[in-house]
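Here is the structure we will look at.
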Amino acid sequence: MSTSGFHTRLKTDADVDIRATYMELQQLEGIATAVRRDILRMVAAVNSGHPGGSLGCTDFMVALYFDIMRRKLDGDGKPVFDMNGHDEDLFFLSNGHISPVFYSVLARAGYFPISELATFRKLDSRLQGHPATAEHIPGVRIASGSLGQGLSVACGAAYAKKLNGDDKHVYVLMGDGEQQEGQIWEAAQFAPNKKLGNLTAIIDLNHAQIDGTTQNVNDNRDLAAKYRAFGWFVDEMEGNDISDVIRTLRKSQEDPDVPTMILMHTEMGFGVEYMVGNYKWHGTAPNADQLQQALNGLPLSIGVTDY
Amino acid sequence: MKKYEYTDKKDTRSGFGAGIAELGRSNPNVIALTADLAGSLKLETFIKEYPERFVQCGIAEANMIGVSAGLTIGGKIPFATTFANFATGRVYDQIRQSVAYSNKNVKICASHAGLTLGEDGATHQILEDLGMMKMLPNMTVINPCDYNQTKAATIAIAEHDGPVYLRFGRPVIPVFTPADQQFEIGKAWHVNEGDAVSIFCTGHLVWEAIKAGEILSEQGIEADIVNIHTIKPLDEEAILASVRKTGCAVSAEEHMLNGGLGDSVAQVLARHFPAPLEYVGVHDTFGESGTPDQLMQKYGLTADKIVEQVKKVMARK
Amino acid sequence: MSTSGFHTRLKTDADVDIRATYMELQQLEGIATAVRRDILRMVAAVNSGHPGGSLGCTDFMVALYFDIMRRKLDGDGKPVFDMNGHDEDLFFLSNGHISPVFYSVLARAGYFPISELATFRKLDSRLQGHPATAEHIPGVRIASGSLGQGLSVACGAAYAKKLNGDDKHVYVLMGDGEQQEGQIWEAAQFAPNKKLGNLTAIIDLNHAQIDGTTQNVNDNRDLAAKYRAFGWFVDEMEGNDISDVIRTLRKSQEDPDVPTMILMHTEMGFGVEYMVGNYKWHGTAPNADQLQQALNGLPLSIGVTDY
Amino acid sequence: MKKYEYTDKKDTRSGFGAGIAELGRSNPNVIALTADLAGSLKLETFIKEYPERFVQCGIAEANMIGVSAGLTIGGKIPFATTFANFATGRVYDQIRQSVAYSNKNVKICASHAGLTLGEDGATHQILEDLGMMKMLPNMTVINPCDYNQTKAATIAIAEHDGPVYLRFGRPVIPVFTPADQQFEIGKAWHVNEGDAVSIFCTGHLVWEAIKAGEILSEQGIEADIVNIHTIKPLDEEAILASVRKTGCAVSAEEHMLNGGLGDSVAQVLARHFPAPLEYVGVHDTFGESGTPDQLMQKYGLTADKIVEQVKKVMARK
């Protein structure tokens, strides 16, 4: 198993000086903008898919893949994908409907050609509506789409890492509506009981789901109190602020045997003015005019191109 | 071949929406439940007119099934709605114990069944729901073929005392059955009289079977086309009467071969009148993303495929 | 719908003077002893079934059926059973494996002949291994046995009562191991969000499940904190003290829109010295000697007989 | 009729327990998981010898399936164990997405299948598990017939790369297959050569089929008895070869007629060689409490019933 070429990551108990990545931050923001453009163009192209949650989670996903995760890279800095992911950090997307942001970030991190984003949700594509392993797309380790399953899978992967003496970390992203699924709470009990300190779960706390605000549909109440009662270390962060995401994720948890749950405050549709905070954009694609309007508000940085 | 025409194209789920809206007005015991999919299930009218009889369960399908069972104990007629995968596979054990075995008057109403939900892909494209539900004792299983039949079935199941699984879909397809039909549970609909081959079809495949019947008729082959809208209880008499006449059959459904209508027909034939049968359905594979039409083509759920299977099975007579 | 013949029940916000039922308490304890004898003889007769949880929940079940619940009775004081249970309190057993105590209490409350207890778990019996409606046994409104489903069913029944303007109450009993099922937490979210103040759920907190202590198998941690975070009014009681059960259940909840969760402290196998507190008796029947020994420790009161 | 004898009676679940104990020693990647049923699944030896490779999940079956899927990503071979109902119906959607569609190397090992768990009654007596699991693409479905076959199957599936459902039971039954057998997934076992009728049997019904074969043999009827231990992939060749020879068949299984082995056989026959088939299985009803023997009698899962169905089907040739 090659251990060469890791994207390095600072991990310390001390508060991290985020200014050290100041230059990088601008780059990360440039990537995030490109990802947002990808998302919008992908869903508009097939008039289907889920822009709202994808846009809201863009900054997090960019920070995770381009700063936080210790991923296996080859000599040229290109990611190397193998299913087992021994000795590298792993990420699982439980709320599989926000596949656009996942695919875009994977492509821009080099897992597959950026041009392939144009095949999203089309027949014979490796970029299924919801992430799938059946098409062997690099970067995806489990299918998701039916909600509530990802935290369990991440628990299993984290458990395997402990058995294997692998000191790397497992991340999993979930929706806040998704918290209503019972299976989540089975996993919520499992992780602290099995001392999965190598697991960090993130909830996209955008207060929106399909039929309305989470509060109106099925109030989640105080998720922090819930997870604390289940035995997790609970933290919060501003999900649409890359530097806060990086600062929060770099902090080590207090107890190495305790898994971490991060409530990530985001806005559904962040980055597109007419979408922000509106649950109606959970699963609706913009039409041509709306797309243009959205892209106008998201200018590309120099050196970054669309797919 | 009897002539079938359509003026309109609609989704079967909208037939459900229209049916439950009507039930809202006619039956004060009817309650609509959903698991964060009120819009997809076309519940808007019901909710607007009877907000107090609408129970939003959030993304918690297992609980929705249990709540539905509990509501029957207070004399209610709950219609529990979500996508077909989350209405069956996600909650099979809950349906089994709290609804089927307990024989509760719960109507499980499932949209987005089969490949034709399209772009969402395989995680949502359940092709095993009929197979699951038909294994449950006490369960009535219905898969209507167009907007009007779905609406009529929705209204009919409220009158039936006992658990029901009603399955419908997302794409707009021809509306070709009468708007004023009565829906009789368990009674097959004889779409066309013929003696060359039997075609047993259900759901979205009925229109394809009609188109196949037209193609065949032009070639001088008159197919006996039977719409098995009720998968369970199965109209065994209709199936046997048809095959006794034709000597061979094709089944056509938007479902996995294993466990589907085809297997129900095969069982009846094997036990009573062995005859060649060819299947139109999905052959042991998951679906994928694509438009409904592309997927029906790719997975062979078309009139042309039915015609092909008819030729094959007639050669085996 | 007849509303005559209710077993009356005091319901007040004030602390109830339990001495008022002092004489009755002795009678209730006599019934509880008879129920314990029933349980032991039933499971021993078929060498199968679940004595441990049944014995631990006996005092609660006796208190509930003979003191707390407002049940429909005919002119002779015999219970009248109809499935809908309009205008009477309802009880659901979610942890269906403790069917022996349920059947014994139903029989002794008059729902069916006590002699029928002898058919428990035998072919063609109405007393199935786990409670079932298929055999139309009076008193049972839903099948249980597959764990985790009863709280949802009770929520539905409570919801129907509210829709029907029926002011009676719904009770449901669950196991503590059963709390590990995800569906429980779906229902735990539903009940407070739907303001089901007419619902009281009780957890048999015996710290035991099949494979060991609940702490060893899958630690439930602080269930009170969990349910509070989910929005319940949480109370506790001593489940093997009939007077404490009655006192606790008679208290009204503080807010009429908030469901109540009661953590009921019990001992598995309570009443049988060699079983007390030992998870091994979750699902093991005593042999002939053990049965005799257990019965010797549970002498019948005057006027109470075995089945 | 070939002679089969047994010296011992054992439960098939103990065959599983012995198999996984052996795997513990031979394959360091094998992990055993359970949902508060370690004893019922006979995991004691494995747990004692390899406590660090045992994952107690508590009463949370859905999570157990997801955790199993996750473990494969670290190169592990998880054996997820519980009662058959909670291993299938309770977690179908989890198996579907995280295991079958994701094609993860998870072995779902299920005890207490069918009526023969006895006194616990219908809530635990799943008769639909094979039907569910065989509808899943990528899933291998195995239902062995005695202690030795179960042990051999347990060892064999660890070598197979992909999802497997292995089903076994609680009652002690004759051990009549060799202790040193190799188990070949998907390859039917020819129990007896005959030409009068085919008997396709699986699980606990194989011994009944052998007893039926003896009764028939005494009456001059030599049955071709085939043990279909692998329900999927189905050994279609073995089925067709047998029925081409005998011209009629009986299926025998501890399962619902709908969705079971019988329906798999009916599908093969209908598509390739229509012939009379009679079923031995449970006819669209839930089970109930009773001793295993009483239940097998009452629900007609016996040698006598197989004989009866043989007579019936031979008369239909």
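Worth pointing out:
Each chain gets a letter, A, B, C and D, in the order it is written, and its residues are counted from 1.
Just so we're on the same page, a residue touches a chain if its C-beta (ideal position, glycine included) is under 8 Å from a C-beta of that chain, and two chains touch if they have at least 3 such contacts.
From a predicted model like this one, the values you see are computed outputs, not experimental measurements.
On a Cα centroid basis, the chain most remote from chain D in this structure is A.
Of the two chain pairs examined here, C-D and A-D, the one linked by more C-beta pairs in contact is A-D. Computed from the mean C-alpha positions, the centre of chain A lies at a distance of 37 Å from the centre of chain B. Centre-to-centre, using mean CA coordinates, chain A is 41 Å away from chain D.
Centre-to-centre, using mean CA coordinates, chain B is 30 Å away from chain D. Shared interface positions of chain D, defined as residues touching 2 or more other chains, are 57-58, 60, 62-63, 85-86, 90, 93, 96-97, 101, 122-123, 286. In chain A, 132, 134, 143-146, 148, 180-183, 186, 189-190, 193, 218 are the positions where the chain touches two or more neighbouring chains simultaneously. Arrangement of the chains shown, judged by which pairs touch: all-to-all, with no pair of chains left without contact. Those residues of chain C lying in contact with chain B across their complex are 83-86, 90, 132-134, 141-146, 148-161, 163-164, 166, 182-183, 186-187, 189-190, 193-194.
Those residues of chain B that touch chain A in the complex are listed here as 34, 36-40, 56-60, 62-63, 85-86, 90, 118-124, 286, 288-291, 294-295, 298. The touching residues of chain D, when paired with chain B in their complex, are 85-86, 88-90, 92-93, 96-97, 100-101, 122-123, 127-128, 131-132, 134-137, 256-259, 262-267, 269-271, 274-279, 284-286. The touching residues of chain A, counted against chain C in their complex, run 148, 180-186, 189-190, 192-193, 218-222, 225-226, 228-231.
Within the complex formed with chain A, the chain D residues making contact are 31, 52-53, 55, 57-58, 60, 62-76, 78, 93-94, 96-98, 101-104.
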